[in-house]
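Both complexes shown next keep chain A, but they swap its partner, so chain B is in the first and chain C is in the second.
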Partner chain A sequence: MNAHSIGGLFALNLLLLAVGVTILYALRGWVSWTELARLSGVAYMLGVAATSVVWVFELIVGISFGLVTIIGTGAVLAVAASFAGHRVGHRLPGIRVGMKIPRLSFVSAIFAAATIVYLEAAFRAARLAGLYEFDAWAFWVPKAKAIYYFGGLDEQFFRELINQPYPPLVPALEAVTFHFMGAPDVVTVHLQFWFLFVGFTAAVVGLLSGRVPPLFLWPSLLLMLVTPHVGGHFYHPTADFLIDEFFAIAALLIALWLIDRKDWQLLAAGILLAAVVLTKREGYAFGASVIVAALVVTARERRAAWPKLIAVGIVAAAAALPWRIFLAVRGLGGGGPEAGGTGLLSNLDRAWPSLRLAVSTLFDYHLWLLVTPLAVVAILAAFAAGARVLPLYTTLVLVFAVVAFTYSTWAFPSLGISREPALNPIVRLTGEVVLLTPALVPLLLASAWRRVPPVVEDA
Partner chain B sequence: MNDVARAGVILCLGLSIAFGAIYFPRALSDLGDIASNNSALSFSDREVAGGNGIVDDQEAVYQAEAIIPESARYRVVTGSGLRNPTPLTLAFVDSWYRYFLMPRRPDVGARWIICYGCDASKLGRPYAILWQDDDGISIGRLR
Partner chain C sequence: MTRRFLPIALVFAAAIAYPVGVVSGGAPHFPARSDCVHPATKDGEIDAVFGHFDKRSDAVARLRVVLGRGFTGSKIEGDGCGRLKVVVHGIPTLAVGRELAAEARKVGLGVTLERAAP
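Take a look at the complex of A and B:
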């Protein structure tokens, strides 16, 4: 059963990678196969994001959700993206005998080996993990099982399970994994989240390698990997890490766009942000934070930059619209804050404790080691070197994140002022910043060292 | 300012490498421990997982799965007759069975009953017990 399930997961993730490769072909193409290999992590994350978003739309409109729909969706997306790529003039490079394979530097080899060893250990930890987390068995996985068994957003279960307004991207993705595994295997489903984490790691490395020196890239990544809260949690079948992974890659692509101004980076970020808003409710705040941060840092060139950024924001926000309509039609409520708007004023006594909780959790050594303090040092170093765009963008994203974390406690008086997971999700929320650091800190360090990270885009 | 910036970069890299190197073996060890603990569990312990702290008796879970048909509706009825409940049992047993027993549907009027110390006389109709344990858990059907 387990080997069969794992085989199914490999097949699913190959499908997602294949779809993502065609999306990358449509967005930018590639001039060599080694370039495609370098960007395969980004391709995979794009494949997961785009396919999952379409699956969610299909569920909302009531298309029967079985293997035919699942695979057919991937096939249609792949064909459409290939066609679009061809239409815009992208062509596949030839296959040359004796193709030059880029050499790894000593630093890259050491850190890449360490990362692979870490991910192998994580695979073994995830392979036989049970479903212990309350959120996982109380609603994420039950929703997935309901989609798997009943072929859609079952009226009864999606009304009776808690947290009805949570967007259904993760349950849809888990239901797909159940189909590929041949059964709702709630143990092996953890491995799907291992695949997603591997894709995230590969995406960060692929987007930054060649652009920043290996010594700037790998230590930040390794530090994030070894933080106590990442290792034991990233494979849990909930939405907490997946939203952070989508978000970090989107934020990195926007940061790269601020440097390169290549449209494909913004389009790819738009796809990922659409997935962000359909993964968890805080996705709205996350998505808005990077768009607003990018708007602020491009204020001087607003005529050229703002229409594109606003378009990406609108597309991402629009992705959530069908789900909001679905909630309204079924009378499930919007899932707004318990004390939003004027409610914040009547809970003013919670403002300072909420802010203190957000900041202290972000800087908690026992959870995240020195990830956040070092991100702050990298920002200051980049400012000191005279850089403005990247450090200001990163600062704004971090500040907006702290505001969002504070609001999440302040506006929900039923949550305790506590890091206890059963009382407050603050620890899970702060993962957003922690997964963002290996994506943005290397760029900041490169800015601080020699001002502007070079463009290595070759397509 | 460039020296300050470069000092910041060196500080960042130095601490990242140092802490990465210190915590790398620990992270591997923690992941190894998780893997060992997971593989040491029985199939049922792993499958029931979080439910082990709720359902009181693992056999009740598998008996419910075996006895109640997949297309049937059921309800979990709790009461004071349960012996040795965990602090989580009465609060969460209903929602845990909802997750585990799918595609069986919970229904307040269902004839299939998972009784956790319930008072059978209050079920409204004669209760035919098909399985029970010594802790006050039973599974049966209303006639």
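Take a look at the complex of A and C:
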């Protein structure tokens, strides 16, 4: 609970940003330093995703998880990515190239200022937040403490905790923050989730600024930020918001690939989706939803598009394999639904209430304000203007999300038909759509405005 | 030129104004372990605390001494800030607490009267 812990977190996040910058260099490079600055949020999220996935693999194979491993992993990734970037012909621009200050409209400035002040205020809230969220103190943080103290996935401890099959990306990341803070500081650890949220926000802005009008980008972003549930929960040390952040950026990158067909966008999405499936169990459904949606909208060009999309899906799914094998070897069970498969039929009476709960939660003004209606309006506007690919892609992702939310209640008869967090995780689940909205709505509105959003300067 | 820099200046001004406004009210407070010690200032649920300890062995040693000198009902508890305290609960008033503290001093024990945790 001190400045030393906060300093440690800054150091950790600089490390993650540095790794991410090298990954961005390997994937696409940059033509100017201004462009790198614009994409620094994407770089940071890529750094978090790639490094965390490798940390999880190291834990699974039993490598002692201390500071040497943690920093060494980042260093190896950075060197390998730099080497790969150089091999594929990417070069750093000269120091003077692109150092000029970017043009900023007054609209962008006003909303950017509001966003920055919001995040600064959230920093204060996160800095002294207590460990009160049930899932956080019941198993996410205890798992992280066990990794911190024992240097790995202690067999007995992980067997006795609840939710053993949950993937360990978040506990690994929290254990890393404990190492950088110098102690398992369960208060300051909230700040790490603030950093992640800032990275997510910066990634959305970086990928869309210059491509969509500021009036489409900033208000939808600010609307998401000020929703009651986001404001009060994004810094809790659980996996709920992190999976949504990874997923939203991955879904945005795939949407951009549908427009631009730049391979780096798919590769980056693949890295983020690998992190998605290792963050929470619903990551499998989330990942599948964007890949299937993209497959459907590219059906006419399936020869060119499908192999790439399927490859991304396979890579992301493969990232979960070591963890599934680990669970099987330790006999921890896969954590499947209570009433999956034919069990759904014997619980048919739960189908309609589950669907109604999912939809009504998405549209609950007191949780998410008007975020979901905004997404629906943007889709309809894009369709009305004659656009097809983006609105269909977004529609499919949203429909698949509702199906997944419905299934999550229907297939678990022990869950109440309720938004009460102690009875049903539906509110946390629906965050997926809410964080996706500021990523996709600006693109949809731009496509409604002038059909095809322009490509911005690109490597 | 002004149109180019004015929006950027606006963003920087907002970004700096908020933290400056916050810090102008005093430097940021970093909670310390002493924040888990709340001296009793009025009658009510009061604890007599015979010390806070980082190590369990130190707390156990102090408990033995305290019990040996007649303060039965003493026990070891966490203080909420990662330390252990040797404590007697249930002191109803400051006057009773001061009497207990005086008796403790006579047998060489230091006591603080603290507000009981809710």
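Here is the rule we go by: the second predicted complex is superposed on the first by the 455 of 459 C-alpha atoms of A that agree within 3 Å, B and C clash if a C-alpha of one lies under 4 Å from a C-alpha of the other, contacts with A are read in each partner's own complex, and residues count from 1 in each chain.
The criterion applied here is as follows: a contact is a pair of C-beta atoms (placed from the backbone, for glycine too) under 8 Å apart; a residue touches a chain by one contact, two chains touch by 3 or more.
Keep in mind that what you see is a predicted model, and the values were worked out from it rather than measured.
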Fit or clash - chain C, chain B, common chain A
clash
Answer with first, second, both or neither: which of chain B and chain C does A:222 touch in the superposed model?
first
After superposition on the shared chain, which partner residues are touched by A:268: those of chain B (first), chain C (second), both, or neither?
neither
In the superposed arrangement, which partner chain does A:101 touch: chain B (first), chain C (second), both, or neither?
second
If we overlay the two complexes on their shared chain A, which of chain B and chain C does A:3 touch? Say first, second, both or neither.
second
With the two complexes superposed on chain A, say which partner A:109 touches: chain B (first), chain C (second), both, or neither.
second
Should A:128 be classified as contacting the first partner (chain B), the second (chain C), both, or neither?
both
Pick one for A:176: touches chain B only (first), chain C only (second), both, or neither.
neither
What is the contact status of A:81 with respect to chain B (first) and chain C (second): first, second, both, or neither?
neither
Looking at chain A, does chain C or chain B touch more of its residues?
B
Touch test for A:137: chain B only (first), chain C only (second), both, or neither?
first
To test your reading of the overlay: chain B has the stretches 21-29, 57-65 or 111-119, and exactly one clashes with chain C. Name it.
57-65
Overlap of the chain B and chain C footprints on chain A, residue-wise?
114, 117, 121, 124, 127-128, 187
Give every residue of chain A touching chain C within the complex, in rising order.
1-3, 101, 103-106, 108-110, 112-114, 116-117, 120-121, 124, 127-128, 187
Over in the complex, which chain B residues touch chain A? Could you list them?
1-2, 4-9, 11-13, 15-17, 19-20, 23-24, 26-28, 30-32, 34-35, 38-39, 41, 45-51, 95-96, 98-99, 102-103, 105-106
So in the complex, the part of chain A that touches chain B is made up of which residues?
114, 117-118, 121-122, 124-125, 127-134, 136-138, 141-142, 145-146, 149-150, 156-157, 160-162, 184, 186-187, 215-216, 219-220, 222-223, 225-228, 231-232, 369-370, 374, 377-378, 380-382, 384-386, 441, 445, 448-449
Per the touch rule above, chain C residues touching chain A in the complex are 4-8, 10-11, 13-15, 17-19, 22, 28, 30-32
